[in-house]
Amino acid sequence: MKTAAMLQTYPAEINVDRELLVRVIDTLVTCSQACTACADACLSEDMVADLRKCIRSNLDCADSCATTAAILSRHTGYDANVARAHLQACIAACRACGDECESHAGMHEHCRICAEACRACEQACTELLDAIA
Amino acid sequence: MKTAAMLQTYPAEINVDRELLVRVIDTLVTCSQACTACADACLSEDMVADLRKCIRSNLDCADSCATTAAILSRHTGYDANVARAHLQACIAACRACGDECESHAGMHEHCRICAEACRACEQACTELLDAIA
Amino acid sequence: MKTAAMLQTYPAEINVDRELLVRVIDTLVTCSQACTACADACLSEDMVADLRKCIRSNLDCADSCATTAAILSRHTGYDANVARAHLQACIAACRACGDECESHAGMHEHCRICAEACRACEQACTELLDAIA
Amino acid sequence: MKTAAMLQTYPAEINVDRELLVRVIDTLVTCSQACTACADACLSEDMVADLRKCIRSNLDCADSCATTAAILSRHTGYDANVARAHLQACIAACRACGDECESHAGMHEHCRICAEACRACEQACTELLDAIA
């Protein structure tokens, strides 16, 4: 990722801890890719019928993380209300997907790894939400 | 849009007013396209330097509406917390973008139309949020 | 959709048939939503295991149509090579998804409607591709 | 990124060099984030009026890379035509954005870094395109 390098070149002020911001964006991007891959891996499992809810929460979480990463990658005309509301939404998506994936973690390694990515993302977003509250 | 026709074919139960749901999804999709177009129209204005914040809020709102439309288009393994949190985030994005566009509505017709789309979207999302509270 | 109204307000020149452009964007947006909904409807079918490939092609087509709609909604600094390549990619995604959905159209109404949306989108993109060749 | 770890857990066959596939996905995701950040940094430059085309090509490239990364992250029901067409489209977007950013690289560090990301992405996509031709 080039997140830190790009952030350093932003030509105006940023009123957030930059190290934290980079970590959150990278965690969001990682979680979005993991969720897209987990949805697809679940779809190829023999027991796909038992993984419907998991696939659905994967798809939601992938979309939510991608949108939140994009919003946090923009600093021009920063609006704290918009950032906060999307962090909260993303935390809800990560929690739902983390819970669902965790319940299959013993059986499916992709769910175990994806649950880890969701937990890390939920925690990183919560840290940033506290920092900009 | 084929939103209503597709919703009628969903093979399991949906515990939300379907007419309202269709209206919200269509309004979200309309708002997302309008915001993408408004960002681009602003970018081509002579006074682009005065429209930086507008372009930024357009981009956020386009992303947020697209993600919310996708989440509301899924019914399998429905999670009310996820739906609610994304409606709230989308309302924040639509309000920010609607306010910003409205402030340029007298000068730029694309901002006037986009502000209308954002207001309609904010209202539709609020109705659905109240319905699933 | 506000596509036509927004296009009329674009402050610089557009060297494409505007009526065709609006039709293509609206068809893309419609197809993207239909594919998202079809993936989810397939996921809730009893025979989900037979619909794996359909769900996958739905997800690809939804993403491809959304990206192509966004690219065609931008006119600033227009690059014909980029527009053409994405129309071609989108045509491939619509053809693959249309073929797959059509093969289930007799059994699943959502696949029948989605196949229609994919065929319409493939045709509209082909018309535009011919027009800007 | 968890791309390699997730790929290893995919429960069916993948007929592509996995190391190359992981590298391409990671490069696409990196490029998408860099382009989103570059569009925003350009938007905050004093000379934003001279960066209109750059912002536009950044937005296209961000969307194209995100869609291509998602398509390549799915292996169920793999369709080589769809993969190829999206790699070709993404190469066009990366070339256009790389050219545009490179022309501002001497003046704007974000354009220099973003041009690097676009060049790396164009090359990685070309390698994969050759491998699956």
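Letters A, B, C and D mark the chains in the order given here, with residues in each chain numbered from 1 onward.
By definition in this document, a residue touches a chain if its C-beta (ideal position, glycine included) is under 8 Å from a C-beta of that chain, and two chains touch if they have at least 3 such contacts.
Note that the structure is predicted; figures quoted are calculated from it, not measured.
Novice: If you check the contacts of subunit C and subunit D, which chains show up for both?
Specialist: Both-contact set = A, B.
Novice: Based on CA centres, what chain would you say lies at the far end from subunit A?
Specialist: When every chain centre is compared against subunit A, the largest gap points to C.
Novice: Return the distance between the CA-based centres of subunit A and subunit D, expressed in whole Å.
Specialist: Those two chain centres are 19 Å apart.
Novice: Could you state the distance in Å from the CA-based centre of subunit B to that of subunit D?
Specialist: So the centre of subunit B lies 27 Å away from the centre of subunit D.
Novice: Give the residues of subunit D that touch two or more other chains, as numbers and ranges in rising order.
Specialist: Residues 40, 43-44, 46, 52, 55-56, 59, 66, 70, 74, 76.
Novice: Touch graph across the chains, line, ring, star, complete or other?
Specialist: Topology of touching chains reads as complete, every chain touching all others.
Novice: Tell me, which parts of subunit B touch subunit A in their complex?
Specialist: Within the complex, subunit B contacts subunit A at residues 52-57, 59-60, 63-64, 66-67, 70-71, 74, 76-77, 79, 81-82, 84-86, 88-89, 91-93, 95-96, 100.
Novice: Write out the stretch or stretches of subunit D touching subunit A in their complex.
Specialist: Subunit D residues touching subunit A: 1-3, 5-12, 25, 29-30, 33-34, 36-38, 40-41, 43-46, 62, 66, 69-70, 73-76, 108-110, 113-114, 116-117.
Novice: What part of subunit C is in contact with subunit A in the complex they form?
Specialist: Going by the criterion above, the answer is residues 39-40, 43-44, 46, 48-49, 52, 55-56, 59.
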